[in-house]
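I'd like to ask some things about the structure below.
By written order: A, B, C, D, E and F. Residues from 1 in each chain.
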Amino acid sequence: MKLSTRNRLPGTVTEVVKDEVVAKVTLQVGDNHVVALITRESCDELGLEEGQRANALVKATDVMVLTDEGVA
Amino acid sequence: MKLSTRNRLPGTVTEVVKDEVVAKVTLQVGDNHVVALITRESCDELGLEEGQRANALVKATDVMVLTDEGVA
Amino acid sequence: MKLSTRNRLPGTVTEVVKDEVVAKVTLQVGDNHVVALITRESCDELGLEEGQRANALVKATDVMVLTDEGVA
Amino acid sequence: MKLSTRNRLPGTVTEVVKDEVVAKVTLQVGDNHVVALITRESCDELGLEEGQRANALVKATDVMVLTDEGVA
Amino acid sequence: MKLSTRNRLPGTVTEVVKDEVVAKVTLQVGDNHVVALITRESCDELGLEEGQRANALVKATDVMVLTDEGVA
Amino acid sequence: MKLSTRNRLPGTVTEVVKDEVVAKVTLQVGDNHVVALITRESCDELGLEEGQRANALVKATDVMVLTDEGVA
(Lines give C-alpha, C1' and ligand atoms only; values in the text may rest on other atoms or scores of the structure.)
Protein backbone atom coordinates (compact mmCIF):
# COMPACT_ATOMS: atom_id res chain seq x y z
CA MET A 1 0.00 0.00 0.00
CA LYS A 2 1.47 3.33 -1.07
CA LEU A 3 0.00 6.64 -0.03
CA SER A 4 0.49 10.05 -1.70
CA THR A 5 0.22 11.78 1.68
CA ARG A 6 3.61 13.34 2.43
CA ASN A 7 3.57 13.66 6.19
CA ARG A 8 3.54 10.64 8.49
CA LEU A 9 4.58 11.37 12.06
CA PRO A 10 5.02 8.32 14.31
CA GLY A 11 3.98 8.73 17.92
CA THR A 12 1.99 7.46 20.86
CA VAL A 13 -1.65 8.19 21.71
CA THR A 14 -1.79 10.20 24.96
CA GLU A 15 -5.48 11.12 25.11
CA VAL A 16 -8.77 10.22 23.45
CA VAL A 17 -11.92 12.31 24.01
CA LYS A 18 -15.12 11.14 22.31
CA ASP A 19 -18.39 12.85 21.45
CA GLU A 20 -21.19 11.06 19.62
CA VAL A 21 -20.02 12.16 16.16
CA VAL A 22 -16.37 13.21 16.55
CA ALA A 23 -13.33 12.30 18.61
CA LYS A 24 -10.21 14.24 19.53
CA VAL A 25 -7.05 12.15 19.58
CA THR A 26 -3.79 13.55 20.97
CA LEU A 27 -0.46 11.98 20.06
CA GLN A 28 3.00 12.58 21.45
CA VAL A 29 5.27 12.92 18.42
CA GLY A 30 8.88 13.48 19.51
CA ASP A 31 8.77 16.62 21.68
CA ASN A 32 5.44 17.80 20.25
CA HIS A 33 1.78 17.12 20.84
CA VAL A 34 -0.29 16.55 17.72
CA VAL A 35 -4.08 16.78 17.93
CA ALA A 36 -6.34 15.04 15.40
CA LEU A 37 -10.06 15.60 15.03
CA ILE A 38 -11.56 12.50 13.43
CA THR A 39 -14.98 10.83 13.35
CA ARG A 40 -16.01 8.84 16.40
CA GLU A 41 -16.58 5.94 14.00
CA SER A 42 -12.90 5.93 12.91
CA CYS A 43 -11.73 6.21 16.46
CA ASP A 44 -13.76 3.17 17.48
CA GLU A 45 -12.74 1.12 14.42
CA LEU A 46 -9.04 1.75 15.04
CA GLY A 47 -9.58 1.03 18.75
CA LEU A 48 -7.48 4.06 19.66
CA GLU A 49 -6.52 4.30 23.33
CA GLU A 50 -3.83 5.79 25.52
CA GLY A 51 -0.41 4.25 25.13
CA GLN A 52 -1.05 2.89 21.63
CA ARG A 53 1.49 3.50 18.84
CA ALA A 54 -0.03 5.48 15.97
CA ASN A 55 0.96 7.90 13.21
CA ALA A 56 -0.39 11.37 12.53
CA LEU A 57 -0.94 11.76 8.81
CA VAL A 58 -1.21 15.16 7.09
CA LYS A 59 -1.57 16.09 3.41
CA ALA A 60 1.05 18.65 2.31
CA THR A 61 -1.66 21.07 1.09
CA ASP A 62 -2.86 21.32 4.72
CA VAL A 63 0.47 22.42 6.20
CA MET A 64 1.10 26.13 6.80
CA VAL A 65 4.40 27.77 7.73
CA LEU A 66 4.97 30.18 10.62
CA THR A 67 8.21 32.02 11.29
CA ASP A 68 8.83 33.45 14.72
CA GLU A 69 10.83 36.49 13.74
CA GLY A 70 9.30 39.70 12.48
CA VAL A 71 5.71 40.89 12.58
CA ALA A 72 2.80 39.50 10.65
CA MET B 1 -1.50 36.89 19.05
CA LYS B 2 -3.33 33.68 19.88
CA LEU B 3 -4.17 31.08 17.29
CA SER B 4 -6.82 28.33 17.48
CA THR B 5 -4.63 26.03 15.38
CA ARG B 6 -3.63 23.10 17.61
CA ASN B 7 -0.50 21.82 15.95
CA ARG B 8 2.69 23.85 15.80
CA LEU B 9 5.81 21.84 15.02
CA PRO B 10 9.12 23.74 15.29
CA GLY B 11 11.80 22.84 12.79
CA THR B 12 14.28 23.96 10.18
CA VAL B 13 13.69 24.54 6.47
CA THR B 14 15.67 21.95 4.47
CA GLU B 15 14.37 22.58 0.95
CA VAL B 16 12.32 25.12 -0.99
CA VAL B 17 11.08 24.39 -4.53
CA LYS B 18 9.12 27.15 -6.29
CA ASP B 19 6.77 27.17 -9.24
CA GLU B 20 5.08 30.35 -10.45
CA VAL B 21 1.96 29.83 -8.30
CA VAL B 22 2.93 27.37 -5.56
CA ALA B 23 5.98 26.40 -3.52
CA LYS B 24 6.90 23.21 -1.71
CA VAL B 25 8.69 23.79 1.59
CA THR B 26 10.29 20.89 3.46
CA LEU B 27 11.09 21.18 7.17
CA GLN B 28 13.07 18.92 9.44
CA VAL B 29 10.94 18.51 12.59
CA GLY B 30 12.70 16.29 15.13
CA ASP B 31 13.31 13.00 13.30
CA ASN B 32 10.65 13.68 10.67
CA HIS B 33 10.36 15.57 7.41
CA VAL B 34 7.29 17.74 7.06
CA VAL B 35 6.28 18.98 3.61
CA ALA B 36 4.10 22.08 3.15
CA LEU B 37 2.48 23.17 -0.09
CA ILE B 38 1.90 26.92 0.10
CA THR B 39 1.50 29.77 -2.39
CA ARG B 40 4.66 31.09 -4.02
CA GLU B 41 3.55 34.51 -2.76
CA SER B 42 3.65 33.36 0.92
CA CYS B 43 6.98 31.69 0.41
CA ASP B 44 8.50 34.89 -0.97
CA GLU B 45 6.95 37.10 1.72
CA LEU B 46 8.29 34.91 4.52
CA GLY B 47 11.64 34.76 2.72
CA LEU B 48 11.84 31.03 3.36
CA GLU B 49 15.22 29.46 2.60
CA GLU B 50 17.32 26.48 3.65
CA GLY B 51 18.60 26.58 7.19
CA GLN B 52 15.90 28.97 8.46
CA ARG B 53 13.96 28.16 11.65
CA ALA B 54 10.23 27.82 10.98
CA ASN B 55 7.16 26.03 12.33
CA ALA B 56 4.80 23.71 10.50
CA LEU B 57 1.24 24.58 11.45
CA VAL B 58 -1.69 22.18 11.00
CA LYS B 59 -5.38 22.49 11.95
CA ALA B 60 -6.59 19.48 14.01
CA THR B 61 -9.39 18.78 11.49
CA ASP B 62 -6.68 18.06 8.89
CA VAL B 63 -4.87 15.37 10.89
CA MET B 64 -5.64 11.71 10.20
CA VAL B 65 -4.53 8.71 12.24
CA LEU B 66 -2.81 5.59 10.90
CA THR B 67 -2.02 2.50 12.94
CA ASP B 68 0.58 0.06 11.69
CA GLU B 69 -0.90 -3.12 13.04
CA GLY B 70 -3.76 -4.99 11.44
CA VAL B 71 -5.18 -4.67 7.96
CA ALA B 72 -7.08 -1.70 6.57
CA MET C 1 5.53 36.17 13.85
CA LYS C 2 4.87 35.72 10.16
CA LEU C 3 2.31 33.28 8.82
CA SER C 4 2.10 31.79 5.32
CA THR C 5 -1.71 31.71 5.56
CA ARG C 6 -3.03 34.15 2.93
CA ASN C 7 -6.48 34.99 4.27
CA ARG C 8 -7.00 36.89 7.50
CA LEU C 9 -10.44 38.42 7.89
CA PRO C 10 -10.89 40.73 10.90
CA GLY C 11 -14.26 40.62 12.61
CA THR C 12 -16.25 40.25 15.79
CA VAL C 13 -17.43 37.05 17.46
CA THR C 14 -21.24 36.92 17.34
CA GLU C 15 -21.89 33.38 18.59
CA VAL C 16 -20.09 30.50 20.28
CA VAL C 17 -21.69 27.04 20.53
CA LYS C 18 -19.71 24.34 22.34
CA ASP C 19 -19.87 20.56 22.36
CA GLU C 20 -17.47 18.44 24.39
CA VAL C 21 -14.99 18.03 21.54
CA VAL C 22 -15.74 20.81 19.04
CA ALA C 23 -17.03 24.38 19.03
CA LYS C 24 -18.70 26.46 16.35
CA VAL C 25 -17.64 30.11 16.34
CA THR C 26 -19.45 32.66 14.19
CA LEU C 27 -17.82 35.97 13.30
CA GLN C 28 -19.24 39.05 11.66
CA VAL C 29 -16.72 40.05 8.99
CA GLY C 30 -17.87 43.19 7.16
CA ASP C 31 -21.29 42.32 5.74
CA ASN C 32 -20.70 38.57 5.98
CA HIS C 33 -20.97 35.87 8.60
CA VAL C 34 -18.02 33.50 8.81
CA VAL C 35 -18.41 30.19 10.65
CA ALA C 36 -15.40 28.34 12.07
CA LEU C 37 -15.44 24.79 13.39
CA ILE C 38 -12.56 24.42 15.85
CA THR C 39 -11.75 22.19 18.81
CA ARG C 40 -13.46 22.98 22.10
CA GLU C 41 -9.97 23.09 23.59
CA SER C 42 -8.92 25.97 21.26
CA CYS C 43 -12.11 27.83 21.92
CA ASP C 44 -11.56 27.68 25.67
CA GLU C 45 -7.87 28.62 25.44
CA LEU C 46 -8.64 31.70 23.34
CA GLY C 47 -11.52 32.54 25.67
CA LEU C 48 -13.75 33.27 22.68
CA GLU C 49 -17.03 34.97 23.54
CA GLU C 50 -19.60 37.22 21.94
CA GLY C 51 -18.43 40.73 21.20
CA GLN C 52 -14.74 39.85 21.10
CA ARG C 53 -12.56 41.00 18.20
CA ALA C 54 -11.05 38.07 16.31
CA ASN C 55 -9.83 37.13 12.83
CA ALA C 56 -10.96 34.28 10.63
CA LEU C 57 -7.92 32.64 9.09
CA VAL C 58 -8.11 30.46 5.96
CA LYS C 59 -5.37 28.74 3.91
CA ALA C 60 -5.60 29.60 0.18
CA THR C 61 -5.79 25.89 -0.75
CA ASP C 62 -9.10 25.72 1.17
CA VAL C 63 -10.86 28.51 -0.76
CA MET C 64 -13.18 27.59 -3.64
CA VAL C 65 -14.73 29.95 -6.18
CA LEU C 66 -18.40 30.17 -7.10
CA THR C 67 -19.82 32.33 -9.87
CA ASP C 68 -23.52 33.17 -9.87
CA GLU C 69 -24.08 33.29 -13.61
CA GLY C 70 -24.56 30.24 -15.80
CA VAL C 71 -25.32 26.68 -14.85
CA ALA C 72 -23.00 24.28 -13.08
CA MET D 1 -29.19 23.95 -5.40
CA LYS D 2 -28.39 24.02 -1.69
CA LEU D 3 -24.86 23.73 -0.37
CA SER D 4 -23.76 22.69 3.14
CA THR D 5 -20.74 25.01 2.91
CA ARG D 6 -21.23 27.74 5.52
CA ASN D 7 -19.07 30.55 4.20
CA ARG D 8 -19.86 32.37 0.97
CA LEU D 9 -18.13 35.71 0.57
CA PRO D 10 -19.23 37.79 -2.44
CA GLY D 11 -16.55 39.84 -4.15
CA THR D 12 -14.76 40.78 -7.34
CA VAL D 13 -11.82 39.02 -8.99
CA THR D 14 -8.77 41.29 -8.89
CA GLU D 15 -6.04 38.97 -10.13
CA VAL D 16 -5.65 35.58 -11.80
CA VAL D 17 -2.24 33.89 -12.08
CA LYS D 18 -2.10 30.53 -13.88
CA ASP D 19 0.41 27.70 -13.91
CA GLU D 20 -0.14 24.54 -15.95
CA VAL D 21 -1.84 22.67 -13.08
CA VAL D 22 -2.99 25.31 -10.58
CA ALA D 23 -4.22 28.90 -10.57
CA LYS D 24 -4.21 31.57 -7.89
CA VAL D 25 -7.32 33.74 -7.89
CA THR D 26 -7.50 36.88 -5.74
CA LEU D 27 -10.84 38.42 -4.85
CA GLN D 28 -11.67 41.74 -3.20
CA VAL D 29 -14.26 40.92 -0.53
CA GLY D 30 -15.33 44.08 1.30
CA ASP D 31 -12.11 45.54 2.72
CA ASN D 32 -10.22 42.25 2.47
CA HIS D 33 -8.32 40.32 -0.14
CA VAL D 34 -9.15 36.63 -0.34
CA VAL D 35 -6.77 34.29 -2.19
CA ALA D 36 -7.94 30.95 -3.62
CA LEU D 37 -5.70 28.22 -4.95
CA ILE D 38 -7.72 26.13 -7.39
CA THR D 39 -6.96 23.88 -10.36
CA ARG D 40 -6.11 25.57 -13.65
CA GLU D 41 -8.92 23.46 -15.13
CA SER D 42 -11.55 25.05 -12.82
CA CYS D 43 -10.21 28.49 -13.47
CA ASP D 44 -10.55 28.04 -17.22
CA GLU D 45 -14.02 26.47 -16.99
CA LEU D 46 -15.34 29.34 -14.88
CA GLY D 47 -13.62 31.80 -17.22
CA LEU D 48 -12.34 33.76 -14.24
CA GLU D 49 -10.84 37.15 -15.09
CA GLU D 50 -10.24 40.52 -13.48
CA GLY D 51 -13.34 42.52 -12.74
CA GLN D 52 -15.67 39.51 -12.65
CA ARG D 53 -18.10 39.05 -9.75
CA ALA D 54 -17.44 35.82 -7.84
CA ASN D 55 -17.81 34.32 -4.38
CA ALA D 56 -15.13 32.82 -2.18
CA LEU D 57 -16.47 29.62 -0.62
CA VAL D 58 -14.96 28.04 2.51
CA LYS D 59 -16.04 24.99 4.55
CA ALA D 60 -16.38 25.80 8.28
CA THR D 61 -13.91 23.03 9.20
CA ASP D 62 -11.23 24.97 7.30
CA VAL D 63 -11.60 28.24 9.23
CA MET D 64 -9.21 28.98 12.10
CA VAL D 65 -9.50 31.79 14.64
CA LEU D 66 -6.76 34.26 15.55
CA THR D 67 -7.02 36.83 18.32
CA ASP D 68 -4.67 39.81 18.34
CA GLU D 69 -4.32 40.24 22.07
CA GLY D 70 -2.05 38.17 24.25
CA VAL D 71 0.83 35.94 23.26
CA ALA D 72 0.61 32.66 21.36
CA MET E 1 -24.15 28.92 -10.57
CA LYS E 2 -20.73 27.56 -11.40
CA LEU E 3 -18.42 26.05 -8.83
CA SER E 4 -14.65 25.59 -9.03
CA THR E 5 -14.90 22.41 -6.93
CA ARG E 6 -13.87 19.50 -9.18
CA ASN E 7 -15.50 16.54 -7.49
CA ARG E 8 -19.26 16.13 -7.33
CA LEU E 9 -20.44 12.62 -6.56
CA PRO E 10 -24.19 12.03 -6.85
CA GLY E 11 -25.72 9.63 -4.34
CA THR E 12 -28.35 8.94 -1.73
CA VAL E 13 -28.25 9.78 1.98
CA THR E 14 -28.17 6.53 3.97
CA GLU E 15 -27.55 7.82 7.50
CA VAL E 16 -27.56 11.09 9.44
CA VAL E 17 -26.12 11.29 12.98
CA LYS E 18 -26.34 14.66 14.75
CA ASP E 19 -24.50 16.16 17.69
CA GLU E 20 -25.18 19.69 18.90
CA VAL E 21 -22.44 21.25 16.76
CA VAL E 22 -21.65 18.72 14.02
CA ALA E 23 -23.40 16.06 11.97
CA LYS E 24 -22.13 12.99 10.17
CA VAL E 25 -23.88 12.32 6.87
CA THR E 26 -23.31 9.06 4.99
CA LEU E 27 -24.11 8.80 1.29
CA GLN E 28 -24.24 5.79 -0.99
CA VAL E 29 -22.34 6.80 -4.14
CA GLY E 30 -22.32 3.96 -6.68
CA ASP E 31 -20.73 1.02 -4.85
CA ASN E 32 -19.09 3.22 -2.22
CA HIS E 33 -20.05 4.85 1.03
CA VAL E 34 -19.00 8.48 1.40
CA VAL E 35 -19.00 10.09 4.85
CA ALA E 36 -19.24 13.87 5.31
CA LEU E 37 -18.66 15.72 8.54
CA ILE E 38 -20.55 19.02 8.36
CA THR E 39 -22.03 21.49 10.85
CA ARG E 40 -25.32 20.55 12.47
CA GLU E 41 -26.59 23.90 11.21
CA SER E 42 -25.95 22.94 7.55
CA CYS E 43 -27.50 19.55 8.05
CA ASP E 44 -30.68 21.10 9.42
CA GLU E 45 -30.86 23.78 6.73
CA LEU E 46 -30.55 21.24 3.94
CA GLY E 47 -33.07 19.01 5.73
CA LEU E 48 -30.88 15.98 5.11
CA GLU E 49 -32.53 12.65 5.86
CA GLU E 50 -32.30 9.03 4.81
CA GLY E 51 -33.36 8.30 1.25
CA GLN E 52 -32.75 11.84 -0.01
CA ARG E 53 -30.74 12.43 -3.19
CA ALA E 54 -27.61 14.51 -2.53
CA ASN E 55 -24.10 15.03 -3.88
CA ALA E 56 -20.81 14.71 -2.04
CA LEU E 57 -18.57 17.63 -2.99
CA VAL E 58 -14.79 17.57 -2.56
CA LYS E 59 -12.11 20.11 -3.50
CA ALA E 60 -9.28 18.54 -5.55
CA THR E 61 -6.66 19.74 -3.04
CA ASP E 62 -8.33 17.48 -0.44
CA VAL E 63 -8.04 14.25 -2.42
CA MET E 64 -5.14 11.87 -1.74
CA VAL E 65 -4.13 8.83 -3.78
CA LEU E 66 -3.53 5.34 -2.45
CA THR E 67 -2.21 2.43 -4.49
CA ASP E 68 -2.71 -1.10 -3.25
CA GLU E 69 0.44 -2.65 -4.61
CA GLY E 70 3.82 -2.34 -2.97
CA VAL E 71 4.74 -1.20 0.50
CA ALA E 72 4.47 2.34 1.85
CA MET F 1 -2.23 -0.76 8.42
CA LYS F 2 -5.45 0.88 9.53
CA LEU F 3 -6.38 4.40 8.49
CA SER F 4 -8.89 6.75 10.15
CA THR F 5 -9.77 8.26 6.77
CA ARG F 6 -13.39 7.35 6.02
CA ASN F 7 -13.57 7.63 2.26
CA ARG F 8 -11.65 5.29 -0.04
CA LEU F 9 -12.91 5.21 -3.61
CA PRO F 10 -11.35 2.55 -5.85
CA GLY F 11 -10.78 3.53 -9.48
CA THR F 12 -8.43 3.79 -12.42
CA VAL F 13 -6.05 6.64 -13.26
CA THR F 14 -7.20 8.29 -16.50
CA GLU F 15 -4.90 11.33 -16.65
CA VAL F 16 -1.77 12.68 -14.99
CA VAL F 17 -0.64 16.28 -15.55
CA LYS F 18 2.59 17.37 -13.84
CA ASP F 19 4.06 20.74 -13.00
CA GLU F 20 7.38 21.12 -11.19
CA VAL F 21 5.77 21.24 -7.71
CA VAL F 22 2.27 19.78 -8.09
CA ALA F 23 0.47 17.15 -10.16
CA LYS F 24 -3.18 16.72 -11.08
CA VAL F 25 -4.32 13.10 -11.12
CA THR F 26 -7.74 12.16 -12.51
CA LEU F 27 -9.35 8.85 -11.60
CA GLN F 28 -12.41 7.14 -13.00
CA VAL F 29 -14.42 5.98 -9.97
CA GLY F 30 -17.59 4.16 -11.06
CA ASP F 31 -19.46 6.69 -13.22
CA ASN F 32 -17.60 9.67 -11.80
CA HIS F 33 -14.32 11.45 -12.39
CA VAL F 34 -12.35 12.30 -9.27
CA VAL F 35 -9.55 14.85 -9.48
CA ALA F 36 -6.69 14.92 -6.94
CA LEU F 37 -4.14 17.69 -6.57
CA ILE F 38 -1.03 16.20 -4.98
CA THR F 39 2.67 17.04 -4.89
CA ARG F 40 4.73 16.15 -7.95
CA GLU F 41 6.98 14.25 -5.55
CA SER F 42 4.13 11.93 -4.44
CA CYS F 43 3.03 11.40 -8.00
CA ASP F 44 6.52 10.30 -9.02
CA GLU F 45 7.01 8.07 -5.98
CA LEU F 46 3.73 6.24 -6.60
CA GLY F 47 4.60 6.03 -10.29
CA LEU F 48 1.08 7.06 -11.20
CA GLU F 49 0.19 6.66 -14.87
CA GLU F 50 -2.85 6.14 -17.06
CA GLY F 51 -4.55 2.78 -16.67
CA GLN F 52 -3.21 2.13 -13.16
CA ARG F 53 -5.57 1.02 -10.39
CA ALA F 54 -5.63 3.51 -7.51
CA ASN F 55 -7.91 4.76 -4.75
CA ALA F 56 -9.03 8.32 -4.08
CA LEU F 57 -8.84 8.97 -0.35
CA VAL F 58 -10.76 11.79 1.36
CA LYS F 59 -11.07 12.76 5.05
CA ALA F 60 -14.72 13.10 6.15
CA THR F 61 -14.11 16.69 7.36
CA ASP F 62 -13.34 17.63 3.73
CA VAL F 63 -16.62 16.41 2.25
CA MET F 64 -19.44 18.90 1.65
CA VAL F 65 -23.03 18.12 0.72
CA LEU F 66 -24.99 19.64 -2.16
CA THR F 67 -28.66 19.04 -2.85
CA ASP F 68 -30.05 19.77 -6.28
CA GLU F 69 -33.53 20.81 -5.28
CA GLY F 70 -34.36 24.28 -4.03
CA VAL F 71 -32.32 27.44 -4.19
CA ALA F 72 -29.16 28.21 -2.23
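Points worth noting:
The criterion applied here is as follows: a contact is a pair of C-beta atoms (placed from the backbone, for glycine too) under 8 Å apart; a residue touches a chain by one contact, two chains touch by 3 or more.
For clarity, every value in this text was computed on a predicted model and none was experimentally measured.
Common neighbours of chain C and chain F under the contact definition above: A, B, D, E. We define each chain's centre as the mean of its Cα atoms; on that basis chain D and chain E are separated by 21 Å. The distance from the centre of chain B to the centre of chain E, each centre being the mean of the chain's C-alpha atoms, comes to 27 Å. Chain contacts: chain D has residues 1-6, 19, 22, 24, 35-39, 41-43, 46, 57, 59-62, 64-68, 72 touching two or more partner chains.
Interchain contacts give a graph that is no line, ring or star and is not complete, per the touch definition above.
Across the whole structure, chains are in contact as follows: A-B, A-C, A-E, A-F, B-C, B-D, B-F, C-D, C-E, D-E, D-F, E-F. Residue ranges of chain A in contact with chain C, taken from their complex: 17-19, 22-24, 35, 37, 61-62, 64-72.
Residue ranges of chain F in contact with chain B, taken from their complex: 1-5, 19-22, 39-41, 59, 61. If you check the complex, the residues on chain D that touch chain E are 1-6, 36-39, 41-43, 45-46, 57, 59-61.
Within the complex, the chain F residues that touch chain E are 1, 5-10, 24-25, 27, 29-38, 42-43, 46, 48, 52-69, 72.
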